[in-house]
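Working notes for the structure below.
Chain IDs A, B, C, D, E, F and G follow the sequence of writing; residue 1 opens each chain.
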Amino acid sequence: MEKRLIPLFNRVLVEKIVPPSKINADILLREKSSKLNSGKVVDVGPGIHGKDGKLLHVAVKEGDTVLFPEYGGTEVKLDHKEYYLYRDDNILGKLHD
Amino acid sequence: MEKRLIPLFNRVLVEKIVPPSKINADILLREKSSKLNSGKVVDVGPGIHGKDGKLLHVAVKEGDTVLFPEYGGTEVKLDHKEYYLYRDDNILGKLHD
Amino acid sequence: MEKRLIPLFNRVLVEKIVPPSKINADILLREKSSKLNSGKVVDVGPGIHGKDGKLLHVAVKEGDTVLFPEYGGTEVKLDHKEYYLYRDDNILGKLHD
Amino acid sequence: MEKRLIPLFNRVLVEKIVPPSKINADILLREKSSKLNSGKVVDVGPGIHGKDGKLLHVAVKEGDTVLFPEYGGTEVKLDHKEYYLYRDDNILGKLHD
Amino acid sequence: MEKRLIPLFNRVLVEKIVPPSKINADILLREKSSKLNSGKVVDVGPGIHGKDGKLLHVAVKEGDTVLFPEYGGTEVKLDHKEYYLYRDDNILGKLHD
Amino acid sequence: MEKRLIPLFNRVLVEKIVPPSKINADILLREKSSKLNSGKVVDVGPGIHGKDGKLLHVAVKEGDTVLFPEYGGTEVKLDHKEYYLYRDDNILGKLHD
Amino acid sequence: MEKRLIPLFNRVLVEKIVPPSKINADILLREKSSKLNSGKVVDVGPGIHGKDGKLLHVAVKEGDTVLFPEYGGTEVKLDHKEYYLYRDDNILGKLHD
């Protein structure tokens, strides 16, 4: 039976895409600064309450390909697969081909 | 007579699940980063007031299995059982089989 | 004439319960982390104004038995008795038998 | 002509009560932690605006006997008398016999 | 032609009163803690917007004699006269004879 | 197929304009302080919710030429082109000829 | 063609007035503390949204002569002229003759 992790608040569960090195050079960043990673959104939390008390939904959805920094996330291994948990405001953007 | 601790504000009382090492490798995290723990929610506080003054109930409920980081909680021993107190926004997510 | 201290804002005056060592091992925490104390609420302040300006009453009341951390409080001696002043959001929870 | 200092915002002007050493041991704190002082409120500021914009009056009034920590205040000498200026949320509580 | 500085936001322009040393001992503080100064308010800014968006006027007005701490202000020399610029919430109180 | 990065929240994707050194001396800053860069806005995020809960759109739009500091951004390489991701409140201003 | 920089948010573009040393001694500050500068406002940003969500316009306008501290600004050279970018709440006041 597969284990599923449903993130809380505005967290996002992302499965890292480990691209072949060539494309890797495309997205990843120049050595000088920290590495960037791309990954597929697996699950999202319900969101958090904004300053006016209303619920702010998470800014990405399941299936989106996103760009996220090397630091600021929590690594989680579920059923031998490696995931990352990020707060949605630490995710940099959505990648489209 | 069993002792019961009812958490205050948005705290959550969690009883740690100490899985056999094999599953442990499944949820716990790779050595490089800090350990993650899973546990069963025993009791939750009433919640805290949001920025609009309304009461925000705790994001998990009694019986949920949750994933929480190694740090940021308070260990409490009640009747020889080990529990952890976490603020709900430090709990990473809910685990489902 | 007994001296009485009425706490201000969301402070709580707690009289420490110094349990016999056996029970002490029950509530107090394992050596690794900081000690937890339990005590009886003697008096509470009027509360503080929330983000919407409304008064938020203190989360515990006179007579409650509460669990509080070793640090974060102010020790006060009144008529040879030892008390602790805590802000209510630093009190971890209410203990029930 | 006596000099008078009217505090601004939520500040409170307190004249320290220097109790004879015996009572002093009653209120003052055990050596381990910092000293507590008691004093008489001489004057209070108009208060500060809360998060909803409404004016929050100071929590104590002239004539109250209050308990305040050793640190966090400003010492002021007026006409050879020693006073302390505290923000009202740093004053711990009101003392009653 | 005299130069005039109109403070911005909740700043207050104060001209320091350099009292003869005797009175000085009256207002200024005991050596142990930092010095306090007194001065005449020369000009005040329009104020700042509170948390509800409404304009909060400065808490003192031209001509008031005020007490201010040694630190936290900006010294300004205009036409050979020495002034201090303080945010109004750093000014301790108004002095009256 | 070109890769496209759509920024999240109030982030702005900027393509650095590497001016010939002469103009470079025009915009860039004197050695003493940190370098300033100019670039063309390629894409902008949806904005962030203000303190009243309303959505605040990003302050610049695609095609604007902007001035941004050397630090505070994230470098991203997409299809061999070098971009920078900045939060819009870190972008200093819009450049017009 | 002259280059123009339109500041963003509550930033203000100021052209430094380098007064002859005599006047300089008038405005600039005594050596003990940091230097103050005066300058002419060249351009201002649209402002920022206050805590109630309403737009707060910048506190100074083009043509004003202002006093600003040595630190806290960003130096920008445009067409061989030296300017400074400051957030308007770091500008100390308006100078009038």
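Observations on the structure shown:
Here is the rule we use: a contact is a pair of C-beta atoms (placed from the backbone, for glycine too) under 8 Å apart; a residue touches a chain by one contact, two chains touch by 3 or more.
The UniProt protein names, listed by chain, are A, B, C, D, E, F, G = Protein groES.
This is a predicted model, so every value here is computed, not measured.
With steps allowed only between chains in touch, the distance from subunit B (Protein groES) over to subunit E (Protein groES) comes to 3. A separation of 23 Å divides the Cα centre of subunit C (Protein groES) from that of subunit D (Protein groES). Distance between chain centres (mean CA atoms), subunit D (Protein groES) to subunit G (Protein groES): 41 Å.
Computed from the mean C-alpha positions, the centre of subunit A (Protein groES) lies at a distance of 51 Å from the centre of subunit E (Protein groES).
Annotation for subunit A (Protein groES): residues 50-53 touch two or more other chains.
Think of the chains as beads on a loop: from subunit C (Protein groES) toward subunit D (Protein groES), the beads read C, D, E, G, F, A, B.
Within the complex, the subunit A (Protein groES) residues that touch subunit B (Protein groES) are 1-9, 11, 13, 45-46, 49-53, 74-80, 82, 85.
Contact residues on subunit D (Protein groES) toward subunit C (Protein groES) in their complex (touch as defined above): 25-30, 32-33, 36, 50-54, 56, 59-60, 67, 69, 88-89, 91-97.
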